[in-house]
Amino acid sequence: MHLRYHTERPVALDIDLDVEGFTALLGLSGAGKSTLLKAIAGLLPAHGIPFGELPPERRPIGYLPQGYALFPHLNAWRNVAFGLNLPRAQQRAGACELLARVGLAQHAEALPEHLSGGQQQRVALARALARKPALLLLDEPTSALDAATRDTLLVELIELIDRLGIPALAVTHDPHLAGMADRMAVLAGGRIVQQGPPHEVFAAPGNVDVARLVGYRNLLPGIVREIDGQTAYVDVEGLALAVRPDSGIVPGSAVLLAIRAEDITIVHSAVTEPPHAWQTRIATLRREGSGVRITTTGPPALEAMIAHQVAREAQLASNARITLHLAPEAIRILPAPERADHSLSRGSPRPG
Amino acid sequence: MHLRYHTERPVALDIDLDVEGFTALLGLSGAGKSTLLKAIAGLLPAHGIPFGELPPERRPIGYLPQGYALFPHLNAWRNVAFGLNLPRAQQRAGACELLARVGLAQHAEALPEHLSGGQQQRVALARALARKPALLLLDEPTSALDAATRDTLLVELIELIDRLGIPALAVTHDPHLAGMADRMAVLAGGRIVQQGPPHEVFAAPGNVDVARLVGYRNLLPGIVREIDGQTAYVDVEGLALAVRPDSGIVPGSAVLLAIRAEDITIVHSAVTEPPHAWQTRIATLRREGSGVRITTTGPPALEAMIAHQVAREAQLASNARITLHLAPEAIRILPAPERADHSLSRGSPRPG
Amino acid sequence: MLLLALPFAGLTGATAWSGFHLSPGDFAAMRISVLYTAAALVLIVVLGTPTAYWLARSHFTGKWLIELLLLLPLLTPPLAMGILLATLYGPYGWAGQPLERIGLILTNSAAAFILAQFYGAAPYYIVAARAAFEGVPGELEQVALTLGKTRWQSFLLVTLPLARLGLAAGLALAWVRALGEFGIVLIVAYYPQGIPVKLWVNLQDMGLSAVYPLLWLFFLIAMPLPLLLGLLSRRRAALL
Amino acid sequence: MLLLALPFAGLTGATAWSGFHLSPGDFAAMRISVLYTAAALVLIVVLGTPTAYWLARSHFTGKWLIELLLLLPLLTPPLAMGILLATLYGPYGWAGQPLERIGLILTNSAAAFILAQFYGAAPYYIVAARAAFEGVPGELEQVALTLGKTRWQSFLLVTLPLARLGLAAGLALAWVRALGEFGIVLIVAYYPQGIPVKLWVNLQDMGLSAVYPLLWLFFLIAMPLPLLLGLLSRRRAALL
Amino acid sequence: KDTLTIAYAGSMGVVMDRALGPAFARTNDVTYQGIGRGAWGLARLLAGKQMRADVFISITPGPIDLLISDGLIKRAVPIASTQMVIAYSPKSRYAAQFKAAAEGKKSWYKILEQPGVHFGRTNPAVDPQGRNIIFTLLLAQRYYHRQNLANNILHGFQNPQQIFSEASLLSRLEAGQIDATSGYLSAVVSRHLPYIKLPTAINLSDPALADTWYSKAHFNIRLPNGKTETLGTQPLVFYAGVLTNARHPILARHFLAYLQSPQGQRLLREKGYSAPRGAPLG
């Protein structure tokens, strides 16, 4: 399904987007994600296709609002039945079937305020499905769920969507959710700045906004020094990093290098530096669930994620001297941003 | 700081907990996490030490409630100044300093409803710090933040807490946050079922609840067949898995094996099976940001996370035959749960 | 609180319980009060609810003027209100004259009685209902639209049930006001005699001893509705 | 809505604008009305606010009885209320007698006037204020406690500002009710004569032509407070 | 069924609503509606066309004169008369003294002159009764040759401590919050209140005394319209007149005739009214 929507207020959007299967739309808080969904649902003045000329109650969409917006005076199954187009006698059975699909069969009688946040979200999802819509609009569908429930629910949801053949557009700021989608798009500055299969977007973010959103923790501005066949060398704060050159770059051009913390490894107490490795010191060090996160003094200051086992063997400690290794394949080359904007991941304008 | 608290309503808790530095308390939704914090803050009838005998306004605690509970009629800096014990003239400067610490210096004048969810949470955090408390109580302090902001803020918060020497108790259902803490504890069934440094808890969950919470996706019941020196063999649905034996187990005892999806690897198109490897088929396969998540047909049905590069080389596809490898060190042995309860990660009772 | 309850303790003491009896016509007055107040209430709900909803949901520049007009009847002393109504709807009033020609006499008639109660109670209902409607998040109505309900269905199925606490309070207030309305009724509809006017007549004709029993009767018939509404909304609130 | 505004259009038409003049004593009545109503309002706020807060926050089994007692004065026709007050606070009443001994005469005095207004308006204020307090989340008050404020400070700094919209509405309502109170005042305090009683006296003595100018004067002095309160709360709401 | 609407001076409630009205309604098969309120207030509402009635009954000629000058009444006939009395509360501290006075064993004015006595009356500026009690006391001052009698009881013609609205006055008297009030004999008898009868020379009941004796009482009062007026007595006679804009003029005339008929007069007498005196108005 191809969507074209245009809004002016509260935020100007000009959106051109393909929705196939389960499509995730990633964007920072305040980017206009909720605004877009409301526009498609007909709840905000907007121009667009499809549905653009229909009143909201005639648009064949299922909408899961950001705050769930369950009807507080109706219990779970009646909330779901609200969207069902069935004779009275069959409503309950129909609603319970949908609730069972989201794992809430035993909570059919509960009022929303007696459900936990995650349960509420699932009821709202069932309600959105009730109308058998031609398009599902999901606003942060998993924000209230713990990791295990989120993954289970998402997998089921994606299967359900495949089975019913209903395309779904889910907006989120969670890259994990985007990663599980059939297709993803990134919203920034009122436009879709990149779209495609998630692994492609994750592997080759088109600009700095996308890179940040999909989890590249190191974003280093640099200047291309020379290109030597399959390898280009980029100067980053005095260090020459080897990268696989992009078609577009020429020596002397300013670029931005994006590197995942997980892709930087350490080399065991090497006396001689192997290629693509250099010495530095650990600035901070912090144990996390899946490994040890270190930052280095630099230059350039980098963030790396080291597996627990490796960290133990290397006896990492604050201020210790280490050798970092960075494969050329792990570095993405992005166009340099017009102006350095370091507050992107913070200080976003107010949410919807 | 050692905490002992006991409540009866709305949920019975009997808590015995050490708080050192930044301590994370992990628990499922509805486990009573918020209840515990309110009890310590004096907002619910409870017995406990310390502070048990003081009225709420005299307890030296800083409390960040789950819904932030910012004062809607006061702008950001006045919200923060509410907790400051300074002469009128210095309040603004003091509040702005705290706001700057959470990266909100430029939003000092904004009213809460004009701030995004994450910004609100940070204002509430600054407000909780304003009183220079002897103990910080944080209820889901990062639930509204995107990954990048969350990590940045947490790192700063942990440093701040180190610097000020204020112990903090943060409750969460996010294992990632727990992983970054100095110390963590797990609440289940009204008690602390495990506590210690995060890497220890992550590496050796004491029971099935803890294992689930810290991200073990595979939880397999089995029977110990034999113990052979450093290796024990456990029957799991007909497969004998080699594990490093625990001191407590004897042949014939029922156990639960916990395995992370990330710890299961595949072996390249091997004709002969190496040790600790066996053949199976892929049931489902899904690309995610950091790799490909597969489930196998089993028995036993397992979930594994394969790096993108490996997956590409192995040309994984649905229904393809693969060889899984599972190192004995990657398997945790847990006591078998009293009764099989498969709805643990779902259907929790209502939240607070 | 205690202060407010004191006079009623006094009432209990002052009533001659042994010689307790009603005056002739008291029952007729009760019937009239209950019947016509119910009719006035229906009128108030039918006309007041859309007005309140409109005030709650629409935003335009001249709105404060409308609000001022709503305040006026609240503000006017009942006696003055009665005079104004008599001027307007009286036999020589410019609304009364044409209405009289079509057979609707608005002086000392059932219609006049209901009219007086309407003016006395409608503003209270509208003010309360408006606050109740403002408390219903617009988002829920919007979601109902996306689920295929029309605006009218969404009002019936979502807005009304969610506003019911406030509406019940408004209804109780309007009932109490309409039933107890005296000043306006005295001028516009001395007849048919409802309880408040009957109280006045009893006082003039027979003195206090005839007033107290009627007052008790009045409480007896006036109380059930507000109590019931309060109870119902509390029950439902507890259910939630 | 239009229906509600009609009588006032009628008033505009009926007033003899060319011969518009106030009767002597009208200004004195205005002074009395404004002064004493302000005093009554202070009393209502001082006594009513804690009562309303208590009703909003506490839960106990006998609460419905208290609520019923609150309804009673709302329900009682003003005339009956006046009689009850006269019985209670009259020179030989069992509350009036001791008060008279300490020099507080509650018959035809400023104190009696304020008393009548208090009983007429306080229930409205309490009902509105209670709803306003119920709208303030208890959690915010609790958070204020954890920030080291006492219960009183938390009430002043959090509850009051957050309830101010509803409190302002209650205050406006109480002002309007107290200022327009006629039935009770007529019985309890014929003197000093405020505007509503003066309207009645003017009507008897001089006829309608003397009533209309006084009514305009009444609107003129009664309107500013509710409008101001409405404006202020709207301004602050817009600020939020 | 036709509806006959009678606007009458408020003190006549009992005789109108319980005796004359129902009796007339029964014999003529009509519905009776009585509106009882201050005579001046009624007259103003009728004159302002805020109210419509078939018959208007007033005490004293003043309100009738107002309607006659507005052309709303052509002719009014006297139907009964009454006299001023002092009503007292049986619950009063002074009840025994009043009782003695009523039996002629004590001077009534000496009781009222005591400083602790709460005396009540209506507003002389707007109510005939309020004026009449002042005339009565001024006449008593001459009649008993007692200097300052009126002032000792009234403490000023417009003393706020004594002036109540009519409804308030009666309920206070019954509730025992006032010791004594002024009253019309007719109303006081209708309501079974104890009272002290006054000599004809001061009770304003005899038109024959009007010019020679009653007229000696007069006083100045500031009216609500700011003018100071000198007031003289008017006879305590009830006048009834048919309104020119009556809905049922024929029925109204029937009622007037009924009031003057023997049956009507008998009912009036039973409720404490005296025979009509004086000539028709208009």
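Letters A, B, C, D and E mark the chains as written, and numbering starts fresh at 1 in each.
Please note the rule applied: contacts are C-beta pairs under 8 Å (C-beta built on N, C-alpha and C of every residue); 3 or more make two chains touch, one makes a residue touch a chain.
What you see is a predicted model; the values in this text were computed from it and never measured.
**Q** Going chain by chain, each one touching the next, work out the least steps from chain B to chain E.
**A** The least step count works out to 2.
**Q** Please give the intersection of the contact partners of chain D with those of chain E.
**A** C
**Q** Hey, how far is the Cα centre of chain A from the one of chain C, in Å?
**A** Centre separation, chain A to chain C: 56 Å.
**Q** Rounded to a whole Å, what is the gap between the Cα centroids of chain C and chain D?
**A** One centre to the other, that is 19 Å.
**Q** Where the centres are mean C-alpha positions, what is the separation of chain C from chain E, in Å?
**A** It comes to 36 Å between the two C-alpha centres.
**Q** Going through chain C residue by residue, note those that touch at least 2 other chains and give them in order.
**A** 14, 83, 87, 200, 203, 208, 211, in rising order.
**Q** At which residue positions does chain E touch at least two other chains?
**A** 45, 50, 167, 171, 175
**Q** Would you give the residues of chain A that are in contact with at least 2 other chains, written as numbers and ranges?
**A** Expected reply: 113.
**Q** Please list each pair of chains that are touching.
**A** So the chains that touch one another pair up as A-B, A-C, B-D, C-D, C-E, D-E.
**Q** Could you pull out which chain B residues touch chain D in their complex?
**A** Against chain D, chain B makes touches at 41-43, 55-59, 61-63, 65, 67, 69, 71-73, 82-83, 85, 111, 113, 127, 130-131.
**Q** Where on chain E does chain C make contact in their complex?
**A** Within the complex, chain E touches chain C at residues 5, 10, 13-14, 17-18, 33, 35-36, 45, 49-52, 166-167, 170-171, 174-175, 190-191, 193.
**Q** Could you pull out which chain D residues touch chain B in their complex?
**A** Against chain B, the touching part of chain D is residues 137, 139-140, 142-151, 157-158, 161-162, 236, 239-240.
**Q** Contact residues on chain D for chain E in the complex?
**A** 23-25, 79, 82-83, 86-87, 90-93, 96, 107-108, 186-188, 190-192, 197-198, 200-208, 210
**Q** Which part of chain C faces chain D closely enough to touch in the complex?
**A** 1, 3-8, 10-11, 14, 47, 51, 64, 66-81, 83-85, 87-88, 93-95, 118-119, 122-123, 127, 131, 169, 172-173, 176-177, 179-180, 182-183, 195-196, 199-200, 203, 208, 211, 215, 218-219, 222-223, 226-227, 230-231
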